[in-house]
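Each remark here refers to the structure printed beneath this line.
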Amino acid sequence: MLKRLTGGLFKPMLLNEDRLFPADPGTRTIARRLFAEVERLPLICPHGHTDPAWFAGNQAFPDPAQLLVIPDHYVLRMLNAQNIGLNELGVSTKDGSPFAKDAREVWRLFASNYHLFRATPTRLWLDHTFQTLFGLDVRLDAATADHYFDSISEKLSSPAFRPRALYERFNIEVITTTEGPNDPLSHHKTIREDGWKGRVITAYRPDPVVDPDFEGFLDNLKAFGEIAGEDITSWQGYLAAHRARRAFFADMGATSTDHGHPTAQTADLPSQEASDLYQRILSGKAGDADKELFRGQMLTEMAAMSIDDGLVMQLHAGSSRNHNAQIFERFGRDMGFDIPQPTGYVDALKPLLNRFGNDPKLRLVLFTLDETAYSRELAPLAGVYACLKLGPAWWFFDSPAGMMRYREIVTETAGFYNTVGFNDDTRAFPSIPARHDVARRVDCAFLARQVAEHLLEEDEAREIAVDLAYGLAKKAYNL
Amino acid sequence: MLKRLTGGLFKPMLLNEDRLFPADPGTRTIARRLFAEVERLPLICPHGHTDPAWFAGNQAFPDPAQLLVIPDHYVLRMLNAQNIGLNELGVSTKDGSPFAKDAREVWRLFASNYHLFRATPTRLWLDHTFQTLFGLDVRLDAATADHYFDSISEKLSSPAFRPRALYERFNIEVITTTEGPNDPLSHHKTIREDGWKGRVITAYRPDPVVDPDFEGFLDNLKAFGEIAGEDITSWQGYLAAHRARRAFFADMGATSTDHGHPTAQTADLPSQEASDLYQRILSGKAGDADKELFRGQMLTEMAAMSIDDGLVMQLHAGSSRNHNAQIFERFGRDMGFDIPQPTGYVDALKPLLNRFGNDPKLRLVLFTLDETAYSRELAPLAGVYACLKLGPAWWFFDSPAGMMRYREIVTETAGFYNTVGFNDDTRAFPSIPARHDVARRVDCAFLARQVAEHLLEEDEAREIAVDLAYGLAKKAYNL
Amino acid sequence: MLKRLTGGLFKPMLLNEDRLFPADPGTRTIARRLFAEVERLPLICPHGHTDPAWFAGNQAFPDPAQLLVIPDHYVLRMLNAQNIGLNELGVSTKDGSPFAKDAREVWRLFASNYHLFRATPTRLWLDHTFQTLFGLDVRLDAATADHYFDSISEKLSSPAFRPRALYERFNIEVITTTEGPNDPLSHHKTIREDGWKGRVITAYRPDPVVDPDFEGFLDNLKAFGEIAGEDITSWQGYLAAHRARRAFFADMGATSTDHGHPTAQTADLPSQEASDLYQRILSGKAGDADKELFRGQMLTEMAAMSIDDGLVMQLHAGSSRNHNAQIFERFGRDMGFDIPQPTGYVDALKPLLNRFGNDPKLRLVLFTLDETAYSRELAPLAGVYACLKLGPAWWFFDSPAGMMRYREIVTETAGFYNTVGFNDDTRAFPSIPARHDVARRVDCAFLARQVAEHLLEEDEAREIAVDLAYGLAKKAYNL
């Protein structure tokens, strides 16, 4: 059962073709049939965080550690939880303290702790990447670390592993990146202008100029006025700047906006009150309540603009960012220290919904990190408001059990057609096929159980499987 | 596999006899055996919202749209979520704006969107109704809409489809309706007096005169004093009016009261404080805190009266009603815009329970729309207080997965015997057999898994299945 | 199928060897193989509430009622929920009112209501105890009550059923009891000094002198100063007393502390503010906010001491104790009237974690009664902070479905290695093997499903099973 490799015999890594399907043989057979219908559909990636520079420059990715370990907050957090410091893993420090710079050593450290990821989605994504992308067939551990490092390094240096080649190999139909309002979108321009057929579009994420707690907020505002050519010292000028940048983003292909807020709070202030609030925010002296109110007001303003310009609105609410002060000071953001919080939607969304909730031109896709809201609030809301759609299971719940809970909890109240299919929502480009593979398998497993328990006919399940894997995302995001 | 019908060949609709049973063959066999014990037991309907006028007047139901679409908030909400306006569905408007009046057109609109209900309980209930009540055997869609409309219309006009005939056909042993304190119960009187053997009883739901936020509250109070023959301008007179109306309801067969509150808050004020609070409420100038306190105080007063008169008390807490102001103004209440909210029970019930929690004459059945409370609060509370019982999975959770979660989450702490069996809780009379069928199947599926995993012996499971389907409801509601 | 016994034929009680394993035959076979690896491993009992006097004195346990009914709050609460009063069950009263004193009558009452426990963990634990410890093979009910009473009584009087013999028979490797700071630990001293090879250690639970709401708090403080030989009238003296008693507990074998708080709130006050707060607490006039702040500050102080002395810290948060005032007055605490509450960890733990969260010498094991926190807060926290570990499913959730939910919800984010294996956490000594048996079976069932769905290889699952059953607890608690 062991594989022979330089250095000895090693445990094989096998992606079983039935992975994630229910164990009951009858149900598994149905799942296989459904999956055969969707396995090879093109990938729609309507929301994510890949770097447009990759597709613009099409340079080779660096070594395995820089590609797969150092930028992946899922990997960092699990290793940190076992007392392996971020600096040992090659994360650069902001305070000048030393950090590991030898990519092979970082990789070995990761490899020798790979057992920590057992039964996590990270393991699923990585094994899929190792096997299907890099052709590896032994299990990653301390003994195979160098074999992995060398094999992957070699592959990365070949033209077939450049970003554009991977885009094509992955069968991506469209991929959306996420940029702030002050981004000049030069990479997107390059991509559009040099004749490559790949479709890489942006999404408008205005948090840096909407969230008064964002790093450098007041400076961001200044730059925002400049790039938009508007006077952001007035409320009307500030709103005009958003309109201008949204129009530019839409010109560059954007079909959506995205809003990362600590809560789902919305507000609908009379114009003068909103203007006064903006002035307090602009003074840099606003308190927490004003900041929260401002973020809430801006969601409603963004909804108004979406009704005008047709951009689909996304709300990613409920993360308590940068939980540990020492880590934040030493390493900065996105180190795995963002922790979900209880997040309410019913009262929070009411101001926006009472204003625009029945407007057929609005589409607002909701995400949560508080799974309790799915059955209690989100499915009931998305199951009645035409403007609301449910985004897929997000972040920690972008996982087999997380996705299965999502379908089990959401479907009876919201059905399938008030959801928007899958988002891979990742900056880990090589993992994109793995993530869609997991989502498609879990959905087929869910549908197979529905068929096996005679809640759906198989012809219906087939149609739904295709919608969940492909059609709904394309439609929801106007792609 | 297709069925021939005027107009062509159509997909068959088949209610599989194993629907909702676990796919594992061994477990399914156990589920079948258990279900055979309960499938034909009479229906106990201890809580619901059917119209007593149906049983009193015994008139034919109108057309399919008025029977199955327009009054069903589950149907309305799902279609509204896909931009099909309530007015297009035939819901009458309060503002004089136009709405669809052609029943066949409404039915066609519904039929052509029936795929939206895939994997929802509405689909289960309706397919069961279509097949077992109306004898239909092709799938509902745009192509079969007229066939459905004509077939159902024809059936509805025959004597065998009048309300009393259906009551008998459905094998209902007793059905409870729900009326406000100002209802003269004339239909119940008619039913009792004209010699029909059906048992249609009422339940006392005092929300219109207990909840200061209820539409027309102050007018309701005035009418309450008149119908009860008490002076409701004093606290004592107001309480006396409740006692009088409860006695009248009990005379008309009621064995229970029902309380629909936004929260589970209770209060136990000294008599003078309660009286002062009532005067503030009566003035029409009370604030939100006073209103909440008054509702809470009234739950405790109702518990005191239940100890005296033996009516079983039900608390349906946690719905944020009429979430959208525009919809409420245009169409009124019960349009699918009631959304659950986080609901706490531990502190909220403490005042009532510290006063009456150990009185063996009190029985309080608790319902929730916040599933997180089941394992954290409700099962622990019902698993220790003799006066508390857990009502079945409610509203959005009156569904296969909702009921299964309920058993999985509740049973280990509260057992079976602190629950009260099934409530269909519906105004959709034709769906009542379907709802009991789903509940019985899900309970048998749950029990079959317990037997298959050797947590229960099959003879025990059989006994429990009968209790869940029949015995517990009858006993809990003193029927 | 019935068993012959004096008095007639009775239903057999059979612990099926496949109990708790998934019904699917293929998955069950995997579960059996995994369980065979762990079934006979020694028991690590790192947290619980057995009485050290049992092991010191090694006296025979009294009758079945006093062993298995009267001290078991799971049993009491379920019977009380069905209107069987605690006094009828032999619980002594504090107000002098009568209570049952005939052990056989109490046992009969319990036996004739044993069906109430169907599908609860109590039933599992007791049946396991009855069959494997006492050799009973018929089902407990009214008819077999006396047979049970006599059989168990006879066994209890034999030397083989003395505490030390049971410790050995149960294959316990180490068991931890829990004592307050004012306990002289004389039983532990006896156990250590008389040469018995059993390892019974204590844990430092300072609630009586840390929680201002604890019964007799100010008196406890006085005694605390005396036993520690420190002046507890000053903040520094009070902290010194803790250090002294912790050192004494550690000398007597303790490797851990335990903290039972109503919430998970921590605080990190400047020293002078902490000192001022302590003086307000000491005055006996502190309000609820001060009490909560003090408990929070003390968690951070305890963390500081743990970093110094290496004791592993446990936080059991979220129980609303003694929910019913009448019961508390009449019977005292631990009568089944402790009810979980919503419990937040993200903001609550931040002060402690910002101070000590990155110190590799701290280990803090978190427990919750609010299952919603597992996926939203606890797994994300334990999956990134090296000092945090997740304790097993606790109290109401120390049950097959509770443990399965725990693995399903926790594992994808926290993995296996940020959890600490199993705690039996019980005062019911005879049930300890049953509890470990349930935990091991559920973990093997979970792992078998992972293998069957190809998320883990079987060799990995085998290794994990052994860690969950044995290795993790030993390591996490430094045993």
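Labels for the chains are A, B and C, by order of writing; each one numbers its residues from 1.
Everything that follows uses one rule, which is that a contact is a pair of C-beta atoms (placed from the backbone, for glycine too) under 8 Å apart; a residue touches a chain by one contact, two chains touch by 3 or more.
Computed from a predicted structure; not experimentally measured.
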item: For chain B and chain C, chains touching each; value: A
item: Same-residue or different-residue interface between chain A and chain C, half as cut-off; value: different
item: Geometric centre distance via CA averages, chain C-chain A, whole Å; value: 40
item: Residue numbers of chain C (touch at least two other chains); value: 22, 24, 372
item: Of chain B, residues touching chain A in the complex; value: 11, 15-16, 18-25, 77-78, 80-83, 115-121, 124, 139, 320, 323-327, 336-337, 339-342, 369-372, 396-397, 399-402
item: Chain C-facing residues of chain B, complex; value: 22, 24, 26-27, 344, 346-347, 350, 353-354, 357-358, 360, 372, 375-377, 379-386, 388, 408-409, 411-418, 449-450, 452-457, 459-460, 464
